[in-house]
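The structures come next, written out as structure tokens.
Both complexes shown next keep chain A, but they swap its partner, so chain B is in the first and chain C is in the second.
Let's look at the complex of A and B:
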């Protein structure tokens, strides 16, 4: 009886299974509610949006290089980023050359997202993005450092030999014959180099590209603080960080961007702007509240137990 | 004479833009010539490997050290040597001279040397597959502990590779759009295995991290010292700043109190979190990165110059 724990002691040592169950229930239930949670976009996301939507920074119809270095392990953050990015690019008729250096699965994962966004456009009677005409998939390159170096030195040689099959043709042709890359021979020929990543590949690109081309990054929450170093130094022109960054991007797509002393950036109101970011955003809120409550409970119980002693 | 030698050899080795599209290193894709060259290159590679294995033990380290030094020397030169302003200047318009020639040669050779490392990395992937198959086949053959799991692994690996290759080949032959439309067995199988199983399991496995983070945060974030209290406060502000609804509400409240008062506006959540991020968190990470960079440089130098002693030597 004398060894029985007080309520404060019990609250200091809640069984991990209780916490796991609470988290599972809260996260799952939150996903069932479709709520447009308000956001206040940060400057890195605003700069990214301006870079992608402003016609001066990225002229309509131009070609960008899109390096997709994420797989399902970071789906919660990267999938929403990729979807929001593709929606913007497709609405602005921006062509893109897709490549991956981080994981052999990454090109397939990216292709699935392109297909999903294409289906969304098809349902709205919008033009579907066509391989060869609008984008090419350069595939996987198994060495991030070496590939980034090669791309920086000579893009055409770095991806030489990669082929894509034009629609209606049975013969794969060199990607540089496609409308996407016909005017691109070096990395400086594209107005923006974009990296959606779940790892450190954005850092490698920044180091190797060395400011040859405006660089934009969509990174996970874990990589955010490190990437902000390069944003602060001006080496990255815009960053979306984690799920918060996705929700901010989607909010900007819906509402547009008005900043003092800068030209207004248009919105895409009336289109499908809120996607995976907003779908998961409520769950992010509730899970963070659970974490804060758990930390507060643990500390209050600790202080109360000490006072009692 | 010397310049003539340089102008003949340097672009040839580097496969510069002005060099002929086909030279002794390549051939049209799919021709017997390219397969013959691939075969010769593989034989030469295996021959070199065999020679290295046959070499006396005391010579192996200097030989591999020499290769490491040469490989590293290229990147050191790329980093230190003056760079051409535009590496894609047409060959006939390039300035002449030793420094210019070497700088253009280095720039032209980067994609070629990078391809070497890409190929080596691909071989490492192959080596990994070989090692995995060997270990698990042995386990199955000897019926060691948990051998049924090895069978599952091998069957999964073969099935994924088969359907993956089949789907890739079908897409290459028919075109991606037609495959998406017709959805043949190859695409269905790949979709079931890759999207339906592997990807979902990967997402599920990584989502477990959230559970561990919650449990760890609950147990570790205790105000036992001043430092822990500061850390906890910073973490709470960072977490609150990730919640758009909280930021909008709190900042709206502060703005309604003192929109014209610059001092009061310092207490918006985004300002406080921004201050912590820009003045404490990011510089801290920058300092750590500098430390890591210096450490990597020192380690790189030791490896490049074969000063690193490994394997109990």
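Let's look at the complex of A and C:
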């Protein structure tokens, strides 16, 4: 009887597997509720949206370099970012040259997202993005530092030899013959260099590109605080951080951007704007509430147990 | 029938792998080990394929052997000098030889040399703009309004802005003073600054940790979305209902 545990001791000794199960149940149940959680976009995401949608910063029909450095390991955050980004680029007829330096799986994963967004457009009777005409896949380049250096020094030489097959042709042709890269020979020829990354390749690009071209980054929550330093110093023109950044971007796509002293940036109201970001956002909030409750209960239980002793 | 079933089979394999890898949360078992090794094998196999197909062939092999003219592509002469890269690359594999592993240091030395040579420029392009942006005005140039208005005058520094800049400077100097380990100081002011710097660093690390936790939660939520929404709700249930 003397060894019987108090409620406080029992609370402190909850098996971690019970907490894991509780977390998974709460996350899963939340996913079935389609709720648009209200968001107030932060300045880094607003600047990113302005950079991507404002016609002065990125003229309609121009070409950007899109470096996709994420795989399934960060799908939770990076897939939503990539989807939101591609929706904006495709709606504005922005051409893009796709490349990866972080992981050999990254080009395949990026192509899958392009295919999914194309299917979404097809279902809405919108024009599908065509390889060669609208985008080219430059593929995977090992050694992020060396590749970024080469791209900064001479883009045309860095990606020389890469080929893509135009639709209706059996022969792969040099990517610089495509409408996407026909007017691009150096990195300064593109209005924006975009990096969707699940690793630190954004840092490598900042240090190697050295401000030659406006740079935008869509990073994970892990990289977010570090990337904000570069945003504050103007080395990154716009940033979307983690799932929060995705939800903010989706919200801006739906509502547009109005800022005092700056031109209004249009919305894409009526289109599919809310995607993976808003689908996960409620679940993220409920998980965070569970964590806060667990931390508070654990600490209260510890203090109460100590007092009793 | 085969093409109809393929997406659901693909999703099922994904779900099985997710369950297999998440089973480590319960305990590390042979079931988990199987999926872990399968994942590693697949990743390594895919990496080898992608390295050849997407990188080595176009950037090394094709340039070495050249190509004949075909529809839309002009003839490109091959450059034999690219072949010299092969022995340098092969040297790296001597790292597994106990007797000749010194050979592997040659390509490593080349890479280190190239990397080191770039660091001066890289350091400045990375930190130069940050140092520049740390130089903030500490005196107001206008008292017309205390708080910075929504449409500020060009070049004007408002008092509220100066307060923000002073907090920034205090944070910067305090955090930097914490890392001065080279000498001992008995100054109360300096010791106070280092203590304050340590507190600020801890607050910063806390914020970073919070952001990291959010990422981990999101990754778990995504897996749950894959299993319960993409597989069950959008894949399996319509398939069963359709039949």
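Things to note:
Quick note on the criterion: the second predicted complex is superposed on the first by the 309 of 309 C-alpha atoms of A that agree within 3 Å, B and C clash if a C-alpha of one lies under 4 Å from a C-alpha of the other, contacts with A are read in each partner's own complex, and residues count from 1 in each chain.
Keep in mind that, in the parts below, a residue touches a chain if its C-beta (ideal position, glycine included) is under 8 Å from a C-beta of that chain, and two chains touch if they have at least 3 such contacts.
Worth saying up front: this structure is predicted, and the values here are computed from it rather than measured.
Per the definitions stated earlier, placing chain B and chain C onto a shared chain A by superposition produces a clash between them.
Touch criterion met: A:207 reaches chain C, while chain B stays clear of it.
Of the two partner chains placed around the shared chain by superposition, chain B is the only one that A:150 touches, whereas chain C remains out of contact. Touch criterion met: A:174 reaches chain C, while chain B stays clear of it. By the document's definition of touching, both partners, chain B and chain C, reach A:284.
Within the superposed three-chain model, A:77 lies in touch with chain C and out of touch with chain B [touch as defined at top].
Of the two partner chains, neither chain B nor chain C is touched by A:256. Looking at the shared chain after the overlay, A:191 reaches neither chain B nor chain C.
In the superposition on chain A, contact of A:234 is made with chain C only, not with chain B. Once the two complexes are laid over each other on the shared chain, residue contacts for A:27 go to chain B and to chain C alike. Counting contacts by the rule stated earlier, residues 20, 23-24, 27, 73-76, 104-105, 108, 141-142, 145-146, 149, 160-161, 169-170, 221, 225-226, 229, 232, 242, 244, 284, 287-288, 291 of chain A appear in both its interface with chain B and its interface with chain C. Residues 25-26, 43, 46-47, 49-51, 54-55, 58-59, 62-63, 70-73, 114-115, 118, 121-123, 125-126, 129-130, 132-133, 150-151, 204, 207-208, 211-215, 217-225, 228-229 of chain C are the ones touching chain A in the complex. Taken in their complex, chain B has these residues touching chain A: 15, 17, 29, 78, 87-88, 107-108, 110-118, 120-122, 125, 171-177, 180, 194-195, 198-200, 202-203, 205-207, 210-211, 213-215, 217-219, 221-223, 232, 236, 239-240, 242-248, 251, 270, 274, 277-278, 281-282, 285-286, 289. On chain A, the positions that touch chain C within their shared complex are 17, 20, 23-24, 27-28, 31-32, 73-77, 79, 104-105, 107-108, 139-142, 145-146, 149, 160-163, 169-171, 173-174, 177, 203, 206-211, 220-222, 224-226, 229-230, 232-235, 241-244, 260-261, 279-280, 283-284, 287-288, 291.
The part of chain A that touches chain B in the complex is made up of residues 14, 16, 19-20, 23-24, 27, 37-40, 42, 71-76, 104-105, 108-109, 111-112, 115, 130-131, 141-143, 145-147, 149-150, 152-154, 157-158, 160-161, 165-170, 172, 185-186, 221, 225-226, 228-229, 232, 242, 244, 247-248, 251, 281, 284-285, 287-292, 294-295, 297-299, 302-303.
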